[in-house]
Amino acid sequence: MSDSKPISRFPVPDLADVPEDVRAMILAVQDKAGFVPNVFLTFAHRPAEFRAFFAYHDALLLRETGPNGLTKGDKEMVIVATSGANQCLYCVVAHGALLRIYEKKPLVADQVAVNYRKADISDRQKAMLAFAMKVCDDSAAIGEADFAALHAHAFSDEDAWDIAGITALFGLSNRMANVTAMRPNDEFYLMGRVPRDKR
Amino acid sequence: MSDSKPISRFPVPDLADVPEDVRAMILAVQDKAGFVPNVFLTFAHRPAEFRAFFAYHDALLLRETGPNGLTKGDKEMVIVATSGANQCLYCVVAHGALLRIYEKKPLVADQVAVNYRKADISDRQKAMLAFAMKVCDDSAAIGEADFAALHAHAFSDEDAWDIAGITALFGLSNRMANVTAMRPNDEFYLMGRVPRDKR
Amino acid sequence: MSDSKPISRFPVPDLADVPEDVRAMILAVQDKAGFVPNVFLTFAHRPAEFRAFFAYHDALLLRETGPNGLTKGDKEMVIVATSGANQCLYCVVAHGALLRIYEKKPLVADQVAVNYRKADISDRQKAMLAFAMKVCDDSAAIGEADFAALHAHAFSDEDAWDIAGITALFGLSNRMANVTAMRPNDEFYLMGRVPRDKR
Amino acid sequence: MSDSKPISRFPVPDLADVPEDVRAMILAVQDKAGFVPNVFLTFAHRPAEFRAFFAYHDALLLRETGPNGLTKGDKEMVIVATSGANQCLYCVVAHGALLRIYEKKPLVADQVAVNYRKADISDRQKAMLAFAMKVCDDSAAIGEADFAALHAHAFSDEDAWDIAGITALFGLSNRMANVTAMRPNDEFYLMGRVPRDKR
Amino acid sequence: MSDSKPISRFPVPDLADVPEDVRAMILAVQDKAGFVPNVFLTFAHRPAEFRAFFAYHDALLLRETGPNGLTKGDKEMVIVATSGANQCLYCVVAHGALLRIYEKKPLVADQVAVNYRKADISDRQKAMLAFAMKVCDDSAAIGEADFAALHAHAFSDEDAWDIAGITALFGLSNRMANVTAMRPNDEFYLMGRVPRDKR
Amino acid sequence: MSDSKPISRFPVPDLADVPEDVRAMILAVQDKAGFVPNVFLTFAHRPAEFRAFFAYHDALLLRETGPNGLTKGDKEMVIVATSGANQCLYCVVAHGALLRIYEKKPLVADQVAVNYRKADISDRQKAMLAFAMKVCDDSAAIGEADFAALHAHAFSDEDAWDIAGITALFGLSNRMANVTAMRPNDEFYLMGRVPRDKR
């Protein structure tokens, strides 16, 4: 599949023209994924923001959270729910793919994007997403009762920070993707939907 | 004035315990401002997020925007309006101080935080804030008509990115400040309200 | 794939126990689709409502609309957008499958469900969905200006009725699916995503 | 009283031109009520939808619900509250008349249409309407706690389906009435307000 | 009809115990209307607020507005629309009665309370109510474009003040009636619905 | 400081032209405050409304509420929170000054205007403001549970009336200030922020 539609409403630089470290990151993700997710190309228009965004992303998403903390799947679930609430096509599609892969559940991303209450996820994950949705939609009203609801599902305060941080970072990402009309790569739509050995 | 109230709902590290580069940044801002804004201490609990947040902040706020682009005052105005909409006490108070100072207008921050339409600002600034408020509240509906409204006031597409980026970054900051119950330093409340020679 | 999760929060009758005409409809759809969509089994709990719902469905969906009227794909697009707005998992997933198939576009359903403004659809289809969203969310404010916006894209008044009717019927369906926790069949998630000859 | 104002924004067929079964239904209601409610004439423009709508209506409204189930008055109360929330003039006025008559309370329809919490109705009826309002406004959030609140007032799960079904059907009806600018017959406004023997 | 239901959630004073001027006002309205509207008895619990409320009421409602200004019927129309938006039962019912009487239209109050856009009123009155609804729901966004829309229908700035003032005063009244659970007198429900010579 | 900006979108009368009693009130407040708050000049355009508004104001604000009732500071807190919710610049700024002075807390007004949940106020005051915010935003849903929440903090029913009345009156004031574009006097912004002996 090739993307003939614009990737971004803003200029997308040639790889040859981006700073060395940005190009290296882009080539690394291309090596790993087999294609360059359009968020890298869209943000490459602003290298300093590119570096900061992915540094923040890695700080939260690659953070070691311990045996009881958020799993990679949990984190992608927060991203997909937040992106659904903010109606961000890029992030629902791209992180939906990651969610399906990490959770090994081909149906879960569509469920979480539309209505997490009906998703095939644990009660603990539903509590996590209820906290994320309040951070997303009404953070000024977050109070101790909200932390207590997380503690009741064995989430720590650090886990609460992780949930809030991921929700807040993807609130940023959702807004930038909506303003730039960032287009999800076609490849993401099908990833994780079909078992590898069946393709 | 001293802050006896908690700075953050989360642990605040001793300066002695934070990584060298984080401590250096904190000491630098203390040298310049005369005190350490609590956002530095709150985020220092998570050094990797600290570095990414301030890198993103500097990428947008220190970016050279050219003679017709956003001024420092314009940028702080976007932050204050966004923070008012998200009911973020820390950012309204801290960036309200910066807004008063950059714009040399002791009244403007309160005006923008409550209702920018009634503020003593230019029509161009009102158009800037109308775009910011739509990015803040309904980014999924942003379309070419919104860019055209900015162009009518001689904002470029790059300026639109700046407005959106600042709105999005402070949407993140507002959510983190609300979740951490980040307390504005007492010093901010009065800064820029009284002419220096009258104090 | 097998559905071990409950189809509905309410009792689901055995096929042997449903009235003859209802059973005949269910068997017919099974013959055609290869499986029984869960909406048939959920509604079979109330045969009179089952008959009325599918009669209404056929009246609108099978209606001959003429060369310039709504296509089958247009109609499914209205359903998917409405169901996204109402956060109805069953209808987003099941009608998303039909939308992909009718439009022969494997990506379009996810796009329309999340944010139709960013979808790979025509301006005419976006006008159709803007009308549908106003019927869905604020029908009391529909006025002549809304009809005029449709006419500008060569939609007739009868087409406006079709759009409104489909939006209204699936507003009903979305509410019943949400209240009954109607589960989409696993089969729908992948339908229309992979070209038949590639499977 | 005669209706010189248009009944519907869409064409209203002559009785002579409508299909036999539709005409028979219209004449039957005219015999019973003394006039033809405009919903019959508006929907007669689309006979297949006419049949399906009234079949659905009868399935829910004429359903035998047992000694503890919803009464005719309860059902009209759900319709009036839903129609008030959706700002549907036709249904508030027409079903308000039926509500007054069934409940033998000349004041209750105005009360329920404006704010059911202040109406002269039982706590059980208020619980019924609270469930209906959540189905109307936020069906995606309906969960077991909402069913439990109904059970606490001796409503069964089947009663919950009835409440949801009526709310959903009149959500459809409200949207169609708003889009067609369906005009309530003048006769409805006064029905049930004055004791028959006093007129 | 007698009111056995409580008039107010708060104490209602005996007429013998209220200050002389308050009692005089109550007796005067009783003479004129044939009964004491419950708003007089509810507010009599706080004589100073009673005096101020009715002084404000008279200032706006009895104000001479000139041949092109708001008529008595226009003013009651603003009250009924505002009270519908604020879901205030007392004011919808009591001022609905006055609206029917002043406009000599037995249907208009129900129409305006549910959806003024569908009411049998002039385009000028619809423009008046559109302004009132924005003052009611989003006064911070009122700007010159809103005044211009009124001017286009030959409303003056003073008329705009009248509309805003009545909307604002009944916003106060609606909130007090909702908090005190102020009960409309039974008499209001039927007033103006039946021609006097037909009763 | 002098106000060169317009005080009001509407005509502001010369003091010489206003009725004697209105002028006397204006001169009295000028004597006390050292300047004339613009609300007096804006409302003086309509003397009858001027008298009623300030009578209502005094009835609630000067009312003796007893040792356990609302203090002057409590009352200003309700005004500032309400005015923040209604985005009324005049009232946030002018009553923010009074709140700082009565409470002797230079920071409290900004805190309450932005997000009372994060303010340095008592739990009792937070309960008071939660009630006020519900009266402000959703008075139709006020019920006994809301009164009980006040009683739990030793507020009486009369205190509840006071809170509701102040919220309702300033809902009126906020709407009039927004429509008239009433400008806060420059003097208010700094009042109560700096200890008198330090100025």
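Note that the chains take the letters A, B, C, D, E and F in the order they are written out, and that residue 1 is the start of every chain.
What we mean here is this: a residue touches a chain if its C-beta (ideal position, glycine included) is under 8 Å from a C-beta of that chain, and two chains touch if they have at least 3 such contacts.
Since we're looking at a predicted model, the values are computed, not measured.
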Exercise for review: Among A-C, A-F or B-C, find the interface that matches D-E: by residue number, over half of the contact pairs should be common to both.
Suggested key: A-C
Exercise for review: Please identify which chain has its centre, taken as the mean of its CA atoms, farthest from the centre of chain B.
Suggested key: D
Check your understanding: What is the distance in Å between the mean C-alpha positions of chain A and chain B?
Key -> 25
Review point. If you average the CA atoms of chain A and of chain E, how far apart do the two points sit, in angstrom?
Key: 52
Review point. How many angstrom between the C-alpha centroids of chain F and chain B?
Key: 28
Exercise for review: For chain D and chain F, let me know how many angstrom lie between their CA-based centres, rounded off.
Suggested key: 45
Study note, to complete from the structure: Shared-interface residues of chain E (touching two or more other chains) are 87-88, 115, 140, 178
Practice item. Provide the full list of chain pairs in touch. Key: A-B, A-C, A-D, A-F, B-C, B-E, B-F, C-D, C-E, D-E, D-F, E-F
Point to revise | Partner chain F, residues of chain A touching it in the complex | key: 140-141, 143
Review point. Considering the complex alone, what residue numbers of chain E touch chain D?
Key: 5, 84, 87-89, 92-93, 106-107, 110-111, 113-115, 118-120, 178, 181, 183, 186, 189-190, 193-194
**Study point:** Residue numbers on chain A that touch chain D, as the complex places them
**Key:** 115, 117
Check your understanding: Which positions of chain F touch chain E when the two form their complex?
Key -> 10, 45-46, 48-49, 51-53, 55-56, 58-60, 63, 86-88, 135-136, 139-140, 142, 157, 160-161, 164-165, 167-169, 171-176, 178-180
